[in-house]
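First chain A sits with chain B, and in the next complex the same chain sits with chain C.
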Partner chain A sequence: MGEASKISRYLYTVIVLFIIWMFLTSSLDPQELEIGLILSLIVGALTYEVFTEKGLANLHPKRVAYAIAYIPYFIWAMIMANLDVAYRVLHPKRPINPGIVEAKTVLKNDLGKLALANSITLTPGTITLDVKEDRYFIHWIDVTDESVEGASKAITEPFEKFLKVIFP
Partner chain B sequence: MVKRALAIITLLLIGFWLAKGLVGVPFGEDKMLVGEYYLENVKEQTGAVNAVTAVVVNYRGFDTLGEVTVLFIASTGVGALLWRRKKERSAKSEGSVVLTAGAKMLLPFIMLFGAYIFVHGHLTPGGGFPGGATVATAFLMLYLAFKEYEIDHKVFEPLEGLAGVGYVTVGLIGLAIGGYFLFDWIWQTWQFGHENIGRLFSAGFIPIIYTLIGIKVGTELTGIVDNMIKEEPKGGGQ
Partner chain C sequence: MSAAAIIGEFLVLFGAIFYVLSSLGLIRMPDVYNRMQTATKSATLGSLGVIVGVGIWAISNVNSYAWLPKTIVIAVFLLLTNPISAHALIRAAYKSGIPLWERSVVDKYKEALEREGKEMKEGEQ
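Moving on to the complex of A and B:
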């Protein structure tokens, strides 16, 4: 999927900015909305070329639904991972087995790769060190499988089933 | 060793001297003489809820004009110091995909937030200078994330000048209408926004001046970054 048309990309940027503006001001005062719309149009015009490649296609209902569903899923993964690290810290023998592993991803989109890298880093126990093409270099606190396939299965795949729908 | 000891003793003496002077100023007591006047009259006279911006832009407008001038001189000075004919970015390697994709994604949000700060100068803490600095960080981020990135000088430098000229023009219109420089003609003469103090369209010319200052500061700091991040191309002798 290539780049969407300029109008679609511009409109998408303006819509996103306007929603952010409404969260920032958290008021429905018509004066705020007017200025917010004007500023969204201006900032959108300055930045839409950098901001988005797919434009309005990002607002496809299925992708938005997956993105919303991803939030609780991710928060749950984060809580579990934090508890796991707390267990390792508090355990008298400190059962750690650190190492750097390589994992691969099926994601093609840059934003998807960013989301995956951040998801990996925010779930403690794993930290993304570098991303090259479809390879992730990850520092893992408890290396159970050194092979590329095994590491991918344990680290990247749980997030990918959501992210590959959100960022096709 | 002796040098260091002497420096420490001198600093202690200066500190003691300052502390002795401050003993006479107790905390938490009403010391305001002019401040009382500002707080009592700020709403009727300027329409701003944020007393700090009212003081900075309205009551003491000349100081802000001076600050804007200082920034302009700093930007021009850096430009003059680092002036070379051919300038190139010296960045050696592009950031990883995490950095570049993140920078692309954050750019519009940072710019919108900077605009939010300077548009709401009369209502919330902030104003033109923090807002402009926030906008400049958006460009700094682009400079740091991308090897090739460069601002459009044909747009940036005229915009910087125009914003400064706009500020002075607003002041000069006040001189023509009200008799002194930086007279708040929108509030005092037009009475625009008198019925909705505390909402966005109020406070006379404060939001307008702060928008201009925000644009000016944003472009200026970006210009400074642009000047400092560039080096002479390899091979060009010095």
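Moving on to the complex of A and C:
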């Protein structure tokens, strides 16, 4: 994976920091914007090396559009996960069937793997235990399929169609 | 009562219900790994509901739109960091040798670790 130029990575860091500043102050007063811009330039210069590898390529419109489309899909999956957990907690027989399964992913990018691991942790009945290269070890509260292919199909594939585009 | 107040109150109530379920799950579940499932998921969604709900409620209650962006930033940070801490805790629990529940069906991670250990030994010879 090639790294983008220093200037592009620096500008991307500054843009992200400045957007967070605007959200935190929640005012469009010119004085606050100036101070925010100066501070994001300073903090960006200190931290851009660890913050990003791709730089401005992250702001490609197609990737931003997929990232925005991913948010409602993810929140819906999270609400379903919580109703599922509520059912398991409140049911008198406690219908759980836990185990640790292995799943494979097609994602190559480290950031994409992190996003997938986070998504897995917050969606129905699964929590990421460890990641080794392209293999995920997942604690599944209701194991329906022990094989690697079956687990990948049930757990990782629904998110991959979005994450593949967001983090190529 | 305005629409913002109704939505905000509903979201706060919704979040509080999931907080209760999350703490109930800690009592009901048999081992560390299953407890982590309920604690992480319900507490994260509960926090999102309460935090964003307060931001929306403030629109009608204190007549300020300034709360909403701040609460959204807090919610996003929580959403990004909570699963990572859960992952670190569950992995540390596994590494320090806490056993799975006795009725667990499969442990692929143990098999993978044993396979790797064998390969390392063969490499040394």
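Everything that follows uses one rule, which is that the second predicted complex is superposed on the first by the 166 of 168 C-alpha atoms of A that agree within 3 Å, B and C clash if a C-alpha of one lies under 4 Å from a C-alpha of the other, contacts with A are read in each partner's own complex, and residues count from 1 in each chain.
Heads up, the rule we're going with is that a residue touches a chain if its C-beta (ideal position, glycine included) is under 8 Å from a C-beta of that chain, and two chains touch if they have at least 3 such contacts.
Predicted model only: the values in this text are computed from it and were never measured.
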Would chain B and chain C fit next to each other on chain A once aligned, or clash? fit
Contact-wise, after the overlay, does A:F51 reach chain B, chain C, both or neither (first, second, both, neither)? first
Is A:G99 touching the first partner chain B, the second partner chain C, both, or neither of them? second
For A:A117, is the partner it touches chain B (first), chain C (second), both, or none of the two (neither)? both
Taking C-alpha centres, what angle do chain B and chain C open up at chain A, rounded to the nearest 10 degrees? 70
On the A-aligned overlay, A:S40 touches which partner chain: chain B = first, chain C = second, or both, or neither? first
With the two complexes superposed on chain A, say which partner A:R135 touches: chain B (first), chain C (second), both, or neither. second
Determine, for the superposed model, which of the two partners chain B and chain C contacts more residues of chain A. C
Taking the superposition as given, does A:V16 touch the first partner, chain B, the second, chain C, both, or neither? first
A:Q31 in the overlay: touching chain B, chain C, both, or neither? Say first, second, both or neither. first
For the overlay built on chain A, what is the smallest gap between any CA atom of chain B and any CA atom of chain C, in Å? 7
Both chain B and chain C contact which residues of chain A? 20, 24, 117-118, 128, 130, 132
Taking the touch rule as given, give the residues of chain A at its contact with chain B in the complex, in rising order. 13, 16-17, 20-21, 24-25, 29, 31-32, 35, 39-40, 42-44, 46-48, 50-51, 110-111, 113-114, 117-118, 128, 130-132
Hey, which residues of chain B end up touching chain A in the complex? 96-98, 100-102, 104-105, 107-109, 111-113, 115-116, 119, 142, 196, 199-201
Mind listing the chain C positions that touch chain A in their complex? 18, 21, 24-25, 28-31, 33-34, 36-38, 40-42, 44-45, 65-70, 72-73, 79-80, 82-84, 86-87, 90-91, 94, 100-101, 103-110, 112
Okay, in this complex, where on chain A does chain C touch? 20, 22-24, 26-27, 78-79, 81-82, 85-86, 88-90, 94, 96-102, 117-118, 121-122, 125, 127-130, 132, 135, 137, 139, 141, 143, 146
